Amino acid sequence: MDRPLRLISSNPVDELARTIEALLVVASQPLTLEELVEATADDAERIEIALGLLGERYREGRSGIVLQKVAGGYAFGAAREAAEACARLFERPVERGLSQAALETVAIVAYLGPVSRPEIARIRGVAADSAVASLVERGLISEAGRESGPGGAVRYRVTSLFERVFGLESLAALPRLDDIGEDQAAIRDRLLQVAEARAS
Amino acid sequence: MDRPLRLISSNPVDELARTIEALLVVASQPLTLEELVEATADDAERIEIALGLLGERYREGRSGIVLQKVAGGYAFGAAREAAEACARLFERPVERGLSQAALETVAIVAYLGPVSRPEIARIRGVAADSAVASLVERGLISEAGRESGPGGAVRYRVTSLFERVFGLESLAALPRLDDIGEDQAAIRDRLLQVAEARAS
Amino acid sequence: MASAVRDLELDLDAFEGPFDLLLTLLLKDAIQPSEIDMAGIVVAFVERLAERDELDLDACGEFLVLIAALLELKARHLFPDEEAELSELEPEEAAEELARRLAEYRRMKHAAVWLRERLEEEKGRFFRIGPAPLAPEPERRLAQQSPLRLVEALQALAVEPPHVSLSHMALRFPPVGQFVERFRALLLRRRRFDFDAEVQGLSRVEQAVAFLALLELRKEGEIAISQAAAFAPIRISRADDTITYSDDGRMLQWTARSA
């Protein structure tokens, strides 16, 4: 336990690590490497070394504060062992009561975004208005321009809060869904069988 | 340096201290002792001991995160040595100019100050409340006593930041306004006279 | 047994109540078909069937007809622009397209399940949303400004406002009473007169006021107003003189009410 701490206090990145600690504890959102470079006026490589030291210090089981790589950046969160205590004091308004419709909608936005309400409705087969409104209100999705052409529908994408709430390092951390591709062939065959049966 | 850390890791308040760390890093307001008691379901005395340990760990010079006791309770803040980096993180993009209302208001304060809000409003012909508030917030003007008499209105003058932003060594370096009036009194009379003509 | 369908109790996201009420609301446009989860209706019906021992073919038939109609209604609602496009497809192509969409939806359902599990895992991870309690106040910074802008601002305030011409406000606007008196005097001398001829040469405003005077006199029952046709000359006569004469000397009967 003493080794990395001594390392921090004697290593030249020591001060840099302390600066990063300070930035992370006051930041409202995860900080990207670029933001850290800009704020510390230091170089990316040294910052990554410092982040490595901080990751060692602020990790589950060792600290109540945990350094997370999340939403394309770095952020402090609470250790899981403190979840019960946190739950007694803090609400989780973002994900509380998230309906199935909202989850399906946010999945569509996460995988296919930016995507418009009509496109979401087309995929889900049900109008998406209230699900979209609830997700916007929760801050999980936000407007991202409009479809091209006059009067194009507003398009939506997921926010960094979405990545944070779902604990994703980035959207690339979403699982690939290509492996369900075979389903399409199976569905098509079934449809064709039905069509042939009707025609005969 | 090792003593309190060893104390934390071997002492029974170790886990409690980690829980408090977690609570403080999640909180968006300072937490009172009562809130910590409620959240940790532990007793106040032990919490105070844990806070003492955390205060030792998270203090200026030792950590970028600093435990602070403020009016509302306990909160984590950034170390003073990281102030510059934090300021850069929270820096807003440079604004190119002032609104017309702000420009008129600050010009009146610069040439006629100290001057009260009612007088600014009389000269501009519109209420000056929001323009004055925004200039105070920007630090371009500040309060400078009150008009004489009971209940006299607050008067304002420009600040040294104003002089820096407008590249003036002092207020004496303000460009002359000979076409309006030779001195402050003449300028004031002229502006009030025009304002009256405009209002009638 | 047809009521087995219409009485079917539904508990959907967008609707709660019997099936026939839902149909009524859909037909009255009180609910959009796109809001209705059709699968939910089918599940409710199948559950209802399962509760009974015998198979009610009448009910099944009625249900199929209704649900098919609803599906078509919903499809038209969801894809208004694609109706033509899809109808042009060969059956194989249409099946392909449909399969593609179903597969896409199925993928999204899987994704939603994954997200739900993820949410469950992350339930124990708390983090702060919003600013930190002791975060520094963001500072507003202003670019370097020229002091000449101050001069310009004050110069703009020192310019006398242009003298606004009020000449257009000085239109002659004679009091209505003046015309009332004038027309009364006229009708003392003549039994009838031509309004247009009388106001000829007056300004539009004066003509308007003169017309107001006519209406005033008519309201008082002092005069009768007549007009042979739209845009024909307006004739004014004394109200007590119910006989007036046309230009060609024919006798015409007028009352104040007839105009």
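As written, the chain order gives the labels A, B and C, with residue 1 at the start of each chain.
The rule we apply is simple: a residue touches a chain if its C-beta (ideal position, glycine included) is under 8 Å from a C-beta of that chain, and two chains touch if they have at least 3 such contacts.
A quick note: this is a predicted structure, and the numbers were derived from the prediction, not measured.
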{"item": "Reference chain B; chain at largest CA-centroid distance", "value": "C"}
{"item": "Chain nearest the global centroid, as defined over all protein CA atoms shown", "value": "A"}
{"item": "Distance between the centres, which are taken as Cα means, of chain C and chain B, whole angstrom", "value": "48"}
{"item": "Between chain B and chain A, distance of the C-alpha-averaged centres to the nearest whole Å", "value": "33"}
{"item": "Whole-Å gap separating chain A and chain C, where each centre is the average of the chain's CA atoms", "value": "41"}
{"item": "Residues within chain A bordering two or more other chains", "value": "25-27, 76-78, 82, 86, 90"}
{"item": "Chain C: positions in contact with at least two other chains", "value": "126-132, 134-136"}
{"item": "Touching residues (chain side chain C, partner chain A) in the complex", "value": "13, 32, 34-38, 74, 78-79, 91-92, 95-96, 98-112, 114-116, 118-119, 121-132, 134-136"}
{"item": "Sites on chain C touched by chain B in the complex", "value": "126-151, 153-161"}
{"item": "Touching residues on chain B, where the partner in the complex is chain C", "value": "22, 25-30, 68, 70, 72, 75-78, 83, 86-87, 90-92, 94-98, 100, 103-104, 106-108, 110-111, 123-124, 137-138, 140, 165-168, 173-175, 177, 179-180, 187, 190-191, 194-195, 197-198"}
{"item": "Contact set on chain A toward chain B in their complex", "value": "1-2, 5, 9, 15, 17-23, 25-27, 31, 35, 38-41, 63-65, 76-79, 81-82, 85-86, 88-90"}
